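Lettered A, B and C in written order, each chain numbered from 1.
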Amino acid sequence: MTVMTRRTFGKLTLGAAGLAAPLVYSRNSWAAGKQIQIGIWGGSQGEFVKKRIIPAFEKDFDCRIVAEEGFTLANVGKMRATKDNPKFSVMFIDDVAIPICKQEGLIAELPKSDMPALANLYPRFGFDGWGSALAISVAGLFHNTEVTPPDSYAALWGPEYAGKLKLVSPKNTPSVFFLIVAAALKTGKPFAEAQYQIDGAFDKVAEIKANVQNLFDNGPQAANEVAQGQADIGLLELSKYVYPYTAKGAPVTMSFPKEGSFAGNNCQVLVKNGPNQDLAVAFMNRMLEPAVQKAFSEYAFTAPPVSGIEFSNETLKYLAYPVEEMDKRGLFTPDWEFINANRSAWTEKMNGIFAV
Amino acid sequence: MPGLEAVNPALTAAPDDTGMARLWAAITGGRLTGYLLVAPTVLFLAVWFLWPVLSMVTLSLTSRSVDGVMVEGFTLENYVRLFSTDLYFRILIRTIRIAVLTSLIGALFAYPLAIAIARGGPTMARVVTITIIAPLLVNVVVRSYGWQTILNKTGALAYLLKSVGVASPPVLLYTEWAVLIACVHVYLPFMVMPLASAIGRIDGSVEEAARVAGASRLSCFLRIVLPLSLPGLAVGVSLVFSLSAAAYVTPQILGGNFSPLLGTLIEQQILTLNDWPFGAAISTLLIAMVLITNLVFLKIVNRRFARWAGGAR
Amino acid sequence: MTATVSPWLKAIVGVILLIVVAPLVVPLLMSISDTAYIVFPPRGFTLKWYGEVLANPEARGSFLFSLELAAIVTAISLALGIPCAAGLTRYRLPGQDAILGLILSPLIVPLIVTGVALLQLFSLLGSRATFAQLIIGHTVICLPYVIRSVSASFVLVDRNLEDAAAIMGAPPHVVATRVIWPQVRPGILAGAIFSFIVSFDDYPISMWLADGDHFPVPLYLYTVIERSFDPSIAAISSLMILFALLLVLVIEKVFGISLARLAS
């Protein structure tokens, strides 16, 4: 099936050549003829990685990158299933899974000395050296443009929203954000403290049931239904699934209530004992280089995890960037280790509320 | 019977050669031939199915998930949790309910279609067959989207019901009904095809004779077609029951995640919670339920069929 | 056989077929909508989504790959399944129930479990042959359909005819090809169609075993859905329905069996 990856993308490929940092060809001769498998996400991010970043990298290093589009949790599953004999070298996963991968010995520490691009990485996106963020989305409400969204999450519990909300299913990571919101409303505490009190907030969760039309697991599809007017508001979803629609003119956009919003961190990790680690590290470094980061962020409407990237004002409307802006908007990243330890029990409780 | 005509030249060629009869009996009589025919498939499935799946299922006894991380060591905890939590029992019951209803409703819809294929002439057979197979070729997400558009509050069904005078038509989307409708829809061909093939094998002259003797169409169906099509029905029901019991995408999309089945929970455990041992435990429960139902059902049908077939001939 | 179908039955069949077709017509209508997102009823008229799909090398590559995969899987499933069905139905084998249970079980075990279990096994064996892995994985889930369909027709084979033919001196291969084959052919065809479709539409097995170079249509469809929920998804589905019609016609031509005879 060489058709699929060795295709030429016309002007896209030309654009990619422009992206490539000016590297001396012979310097990369060590990589010639090597091949690695990487697991990336689907969506517009995956499309960009496949069509623009990889072809340029393959050209610069005379190597071959086979990219498979999947999603975080399946990617973790694939790493686990192939642990004794790794098939993949680099995996793109969300920050939620990094502690699990680390504890199960699925990933290796990044070799800092071989990755110069790490120098510009904001420390909070470094995960103690066990991976790096690639893109930051913001999670909040998405709503039909004809609906005025509330400025506080609390309003969504009101009777006027009966049957008009779409709630993210416990299968998806943003479901944890919803639990934190419920706990914050119940306790009146900020997210950072409320996340440790989710266990006591399930009566609050149950109270919203009458307003929920369905639990969705396909973000783009839910956004599409909200655009059609089948429901008023969806909670909560990452901006990367909604803004591409907004930009195309669909009547759906996002809003961020005063309690704050959440950071969805898309990351990359190095698979422990994966084939051709040197090439894998070079690729991960490429992902963080400024030229790649700028184009990547503009394409998928996500914020870069590295400092010093300039964006137009039009683009900045969609991004929480730079890091000061993230703080200003109260962008919250949960304590994933704590969340992961409790997620199974919480999911069981969610099932008990919505599924019987 | 086209088969008889096909063999005619051979029949007339050597009418008194009993050697061939003995050879044929030797080939088809011995168990060895039987085992040889079955062996490749059994070996294939033993290596590429039984081995991996059993090792996955044993995970439910040899490891558990502690704080989201898999820890090895013999344990019964997964099963204790499974059987002591009310939620899982309720979902097991729902799974059985949906699978039984899908099979029953499917059979109800399948008989007219199967009779049309078997008895209705080439054009009709072709149209019916292609139409019922078509849903299988449309990806489940897109198919579900079609149903959503029909079943939602402003959808085609609501419109239809309103126009015939139902003041406030029920919204079926995001209920168990939607899951049931979609399951019947997509698994219908698995019921129709074996039924049609069984009905097609029934000698039409038997029905004709019954009709000539004054039997009504209904009693003709009940006393000849229904009993003689039982092997086909058995195949259809066991397929549809098994497939709908393991469904997991439809309950998510059309049931709005309000009516998950065991399959949905398994997917949740494996993909979202990374808890393979508990997912394996739920799988074991599902497998045991479907296997037992199928074996019991096939035993009953086979016995009945033997009796009915004896009576009808 | 004479067509003895009452008008009542025809009416009932007509209604059922309408219900079956309804949710498939919706995507067809949505695929011509001139909007960036899916709406029903469609707004405007355009064929650009079809153009986009047909011009997309990824879509074409996935389609051809799925076609190749389904064809190989179907051939292997038939090669294994036909003898197996014959063995199961024509001989009283001790342990038959266990064998039947084994053959049925790929339908019962949740596909997502089968998929991840196979990936684990292949990793253990050190296999890197993705294409072979996919063929094996799909054959495992297609075999039950083939064996069930073929068995159903073997059960109904008239044994007296065979014996008669053999007594009259027909050698075994003649009995097999001229007495048994015509009677089981419809079941085999049905099995082949199911096998092809099951492989062509599989997501949960491929999700674990596929890679970027071997990327079947259902996986591709999901990546498209994630990129954006625009009418091109509906266009892909409409094309697949069209393809199904073509496939049936080709089968009729190649095998010389009309679908009408599936049940005769």
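Here, a residue touches a chain if its C-beta (ideal position, glycine included) is under 8 Å from a C-beta of that chain, and two chains touch if they have at least 3 such contacts.
Labels paired with UniProt names: C = ABC transporter permease.
All figures in this text were calculated on a predicted structure; none of them were measured in a lab.
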Taking each chain's C-alpha mean as its centre, the one farthest from chain B: A
Chain pair with the most C-beta contacts: B-C
For chain B paired with chain C (ABC transporter permease), centre-to-centre distance based on mean C-alpha positions, whole Å: 14
Centre-of-Cα separation between chain C (ABC transporter permease) and chain A, whole angstrom: 36
Computed distance of Cα centres, chain B from chain A, in Å: 39
Residue numbers of chain C (ABC transporter permease) (touch at least two other chains): 38, 116, 120, 222, 225
Where chain B touches two or more other chains at once, by residue number: 141, 145, 267, 270-271, 276
Chain A: positions in contact with at least two other chains: 74, 77, 218, 221
Interface residues, chain B side, partner chain C (ABC transporter permease) - complex: 1-4, 6-7, 10-21, 23-25, 27-28, 31, 33-38, 40-42, 44-46, 48-53, 55-56, 109, 112-143, 145-147, 149-150, 156, 185, 188-190, 193-194, 196-201, 204, 207-208, 217, 231-232, 235, 238-239, 242-243, 245-246, 248, 263, 266-267, 270-271, 276, 279-280, 283, 286-287, 290-291, 294-295
Chain A-touching residues of chain B, taken from the complex the two chains share: 65, 67-70, 85, 87, 90-91, 141, 145, 152-154, 173-174, 252-253, 256-260, 265, 267-268, 270-276, 278
Chain C (ABC transporter permease) residues touching chain A - in the complex, by the definition given at the top: 35-39, 57-58, 60-62, 64-65, 116, 119-120, 123-124, 126, 128, 207-208, 210-215, 219, 222-223, 225-230
Touching residues (chain side chain C (ABC transporter permease), partner chain B) in the complex: 1-6, 9-10, 12-13, 16-17, 19-27, 30, 38, 40, 80-81, 83-84, 86-88, 90-94, 97, 99, 101-114, 116-118, 120-121, 136-137, 139-140, 143, 145, 147-149, 151-153, 155-156, 158, 161-172, 174-175, 178-179, 182-183, 186-187, 190, 193-194, 197, 200-201, 203, 218, 221-222, 225, 233-234, 236-237, 240-241, 243-245, 248, 258-264
Contact footprint of chain B on chain A as seen in their complex: 73-74, 76-77, 80, 97, 100, 103-104, 169-172, 213-218, 221, 230, 340-344, 347-348, 351-352, 354-356
